[in-house]
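What follows is a short report on a single structure.
Here the chain labels run A, B, C, D and E in written order, and each chain numbers its own residues starting at 1.
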Amino acid sequence: MSEYDLLDTKSGNSVVAAIDHGLSLGAAEGFRDPEATLQSILKGGPDAVLVGPHFARHYNALIKDAGVDTVVTADIVSSSTRPGFDDGQDIWTPGFDTELLLDLDPKGVKIVLVFGRDDRQMFVRNLSYIAKMAEELRGTDIPLVVEPVMWGSRVPTELETHPEYVSRAARMAWEYGADILKLPYTGDPVTFEPIVKNAPIPVMILGGPNTGSTLEMLTGVEGAIASGARGIMIGRSIWKTDDPTSVVRALEGIVHDGKSADDVWDV
Amino acid sequence: MSEYDLLDTKSGNSVVAAIDHGLSLGAAEGFRDPEATLQSILKGGPDAVLVGPHFARHYNALIKDAGVDTVVTADIVSSSTRPGFDDGQDIWTPGFDTELLLDLDPKGVKIVLVFGRDDRQMFVRNLSYIAKMAEELRGTDIPLVVEPVMWGSRVPTELETHPEYVSRAARMAWEYGADILKLPYTGDPVTFEPIVKNAPIPVMILGGPNTGSTLEMLTGVEGAIASGARGIMIGRSIWKTDDPTSVVRALEGIVHDGKSADDVWDV
Amino acid sequence: MSEYDLLDTKSGNSVVAAIDHGLSLGAAEGFRDPEATLQSILKGGPDAVLVGPHFARHYNALIKDAGVDTVVTADIVSSSTRPGFDDGQDIWTPGFDTELLLDLDPKGVKIVLVFGRDDRQMFVRNLSYIAKMAEELRGTDIPLVVEPVMWGSRVPTELETHPEYVSRAARMAWEYGADILKLPYTGDPVTFEPIVKNAPIPVMILGGPNTGSTLEMLTGVEGAIASGARGIMIGRSIWKTDDPTSVVRALEGIVHDGKSADDVWDV
Amino acid sequence: MSEYDLLDTKSGNSVVAAIDHGLSLGAAEGFRDPEATLQSILKGGPDAVLVGPHFARHYNALIKDAGVDTVVTADIVSSSTRPGFDDGQDIWTPGFDTELLLDLDPKGVKIVLVFGRDDRQMFVRNLSYIAKMAEELRGTDIPLVVEPVMWGSRVPTELETHPEYVSRAARMAWEYGADILKLPYTGDPVTFEPIVKNAPIPVMILGGPNTGSTLEMLTGVEGAIASGARGIMIGRSIWKTDDPTSVVRALEGIVHDGKSADDVWDV
Amino acid sequence: MSEYDLLDTKSGNSVVAAIDHGLSLGAAEGFRDPEATLQSILKGGPDAVLVGPHFARHYNALIKDAGVDTVVTADIVSSSTRPGFDDGQDIWTPGFDTELLLDLDPKGVKIVLVFGRDDRQMFVRNLSYIAKMAEELRGTDIPLVVEPVMWGSRVPTELETHPEYVSRAARMAWEYGADILKLPYTGDPVTFEPIVKNAPIPVMILGGPNTGSTLEMLTGVEGAIASGARGIMIGRSIWKTDDPTSVVRALEGIVHDGKSADDVWDV
């Protein structure tokens, strides 16, 4: 039914729980015990988990036993040379060998594309790496997932989900080689729908820094799905909550069954 | 009749609609819906479209069905780390793998050569990449199109099309390996004709930032063709207008049939 | 019994005497005569010595005759361009060819991961090298030992063993590709045990700059072993003492036989 | 008779007209029409022309028909990111693929070695490239021509031909791998002769920026030949004159037939 | 008798005349005529000459006819972008292709290791190159000679031969891959002997900038040999004198025959 295994579900959409944060944040509050967090997420039955390749390697048995697919993160991004801190520093690098990534049998390979950086050279390397990875995945059936984000200090936080920024960034991401977009949601279907429609590739949405309530997050997902998004790749809004299992299940209700946020979440 | 497929037309000239701007500008006003813009251009029947390689990949069927050729852009140039903004920053990088480019069966591969940069190292990489791509294309029948432009901040805007700058830049571009030049038009045949005559390779002209009227643009094209130019690679002056189809057709009248701007455009 | 030869001992733990300091410090006080220091350590009967590859090459016969294994250091780290001085400069580089390392038949390959650096590019290269070496060792049975440390000037000395820093750094180290962690001990089992438990790979501890007494060091090791650590890779606290042989033996008592520091060391 | 085809002439010397300036200066005054300039030079019957590889490619038929050899320039040097301007900027890069150069069947490959630069890294890359090209040409019978010049801003213009600078630079150039030296003439045989004698390889002289009269230039050439130089590689002092054909012929009289400047040039 | 051809002499020591200075100094006073200097040195009958690879190439016949071996210099070091000047600039680069070096059939390959630099990146590249060359020479019987020196501006001149600096630098040099050390002599056997004894590889001494008398230099060599050094690699103190032949012979008396400086040199 779909062009990629990842989206070859009943609904054609996919729920991907993002748990690759150890690469950037180290042992973050709420995700210090990787196995416990993983288990609570797998119990919710997501379609896939987004993980670092060595996370995938160490917890492979658990993930496979749960019948869950993996999408792997290929690059490393951070905001400080101190472990897991945010000092506003531009730090990014291609991470892992493509052969390692492919041997993990992933349903997708994910790279960020960080706009707004002060460090032009790092931005340029980021562009080149997307183009290079797109070429390395060509001829496999594994899609390149690009996540264009506005994390650089030259974009004020309040504009990171602005439709103008998101639509331009989305366009650039697939022009550079993305097969699937992992986009920030702009907040409403009116502005998000044309972004989805204008992309010749599937759009999924990211979660961002779990600042609001779970219901708010789910309402956003509802809007994104209504706008034509093909699913979600959300992390902190799942594992930072008290009950990741239930949040994953709620997401499935919206993403696969077309339910509303209110249907699936009881505040 | 011609040395390259691209110029193997009845007139020996070529009309190439440039729609590779998503690489630099993202979803620009007038080109937010890539398919719609592409369709309106294809309807005008250009000889080829200049596109990014992933654009070519996604819209391949449409382009082929229209019997239109492709010229692909090999590099990425931008003026900001913010998506699609112009912050006067020097950003340029070799973009795409040559194997990908060649697999798209292009009638040309295009690279910019940006003069006037503050960043000497970036300029040097730009030079090297042209020489390297010229070598990678040697032995194929695909010409390397180099577009020497004066976008760097060390050249004032009003001098970007000055004959002295254009003639020097043109010479350097083919000395570095260009097979076809995509030049700024100097504004009149008196200054442009010797530039065309002194180049041992075909010259085509670019459009630049659609600032004047369509008639003015077409008058420029008329002058360029009169100067010996072998066609055009124009973008914004086509797709930023209300009726790209008609603009493409008007260009064909001038480029292929030797008509005047007044013949083909009714203000 | 164990996943790696290095830990395939009766206790499943390992005592590794670190004597790779010549790479960073040159001929340090207490370690000026490499053969004498090596002999006094080998006499104590450690499971392995951690050495530079050329140290391994020159003293191979002595080490093999003593029935001791080697773990080799793959990178070079220093704090000054002056030999063996500490001028607070960020200096690090991948050191040795993987083929050389493998030909030495090591039971592990060790790389530092220095957090807190001012030099972002050096940090990025450090990350990349870990990922690259992890890939080069994949398919061999030689574990990649990563030593995440907080030596950069952006982390105050008193926080270098802080549980928050150590736990984050440990997580990042294995997400980047470590097979065994060489961690700073946090000072007490309460904070160290969860760090060990949350790692999907074996944890060993480093010694640090021999500032306290041998008994204090051994008490730390006792705590680390009680926290689940699988052994030690300690250097200066061994070879800077008057009697390296006895210190190695004392470490074995704690690491392999579960004795207390007081059991094995008479002040 | 000679070690290289280039010097295998009746006199053992060679007259090489340098017309590779498009690489640096673009369409320079006096050399805007490349074919016309080339023709007027070929008519004079030089032994070879020094050209960029793509110049060689485009005008190959003309050059071959004239029975003239080519020496090709392998690197690109400039003084500005603006086309053909001199803004005192350090710009240099290895230019062209060795395979392209060799396919042109050159009688020599030329690289500059610019001393006095502010940019140490560029100087270092220049050194490395000479050593690398020397190795790539080893085993062919094509000599590496190195042109050591004092163009960097750290050497005052009036010292650019000073014997102390020229002798040191010449020595370094062949120690790095030159097979033939293209040197600035020091101005008199007394200082130039020992430089020629102390070099284990042939010395030819460059022309420099045509500041004096043709007679002065020819007098210099006379002195250089008297000092043991094996010929000339001169450009601007030929093509910037009104009659390049005659200047080339005059040079032949001096270089091949041992005539004086006065013999060959009538002011 | 010895592990390397270079030291396979009757005494097990070696006299190497260093004449690779053209790489750094250009045509230095006293060494302007390379052939004359070489001849006067060969006449003294050294065991080997230390030369740049292209010097070796051009004067190969002379050296071979004299029955003298060669040690080749693999890197390029300088103190200025001006030719042969000392402007205190950090300039260093790997120089020559290993294949070229090996084809010259050398008895050793020499690299400097410059401590005390301001330029950390250059220092790091220097380290990496030593490790890389050590690997490239592994499996041949050609030793890697490393010359650790304190030329960087961060080490005051008066400390360049200080035992603490020399001993640390020596240790680092072999830990990075040296097979033979070319060390500054500390000035007396009391401090130099432990440095020699603590190295698992042969130690030879360098000459430094010929500042004292020949007798002083020879007295130093006497002390070094008494300390266990296996010979010398000395240049300026030979070729800057009036009678290089005699200085070489005097060195042989000390290095091979165990004579004193007074025995071999009549002031």
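Assorted remarks:
Please note the rule applied: contacts are C-beta pairs under 8 Å (C-beta built on N, C-alpha and C of every residue); 3 or more make two chains touch, one makes a residue touch a chain.
These numbers come from a predicted model, not from an experiment.
Common neighbours of chain A and chain C (chains touching each): not present. By the document's definition of touch, common neighbours of chain A and chain E comprise C. Chain C and chain E touch with mostly distinct residues; of the residue numbers seen at this interface, under half occur in both copies.
Inter-chain spacing, taken between the CA centroids of chain A and chain B, is 36 Å. For this pair, chain C with chain D, the centres built from the Cα atoms lie 58 Å apart.
Chain C has no residue in contact with two or more other chains.
Taken as a contact graph, the chains are arranged in a single closed ring, with each chain touching exactly two others. Traversing the ring of touching chains from chain C and stepping first to chain E, the chains occur in the order C, E, D, B, A.
In the complex of the two chains, the chain A residues touching chain B come out as 115-118, 120, 123-124, 127-128, 131-132, 134-135, 138, 148, 150, 152, 154-155, 165, 167-172, 174-178, 194-195, 197-198, 200-201. Chain E makes touch with chain D in their complex at residues 22-23, 25-28, 32-35, 52, 54-55, 58-59, 76, 80-84, 87, 89-97, 99-100.
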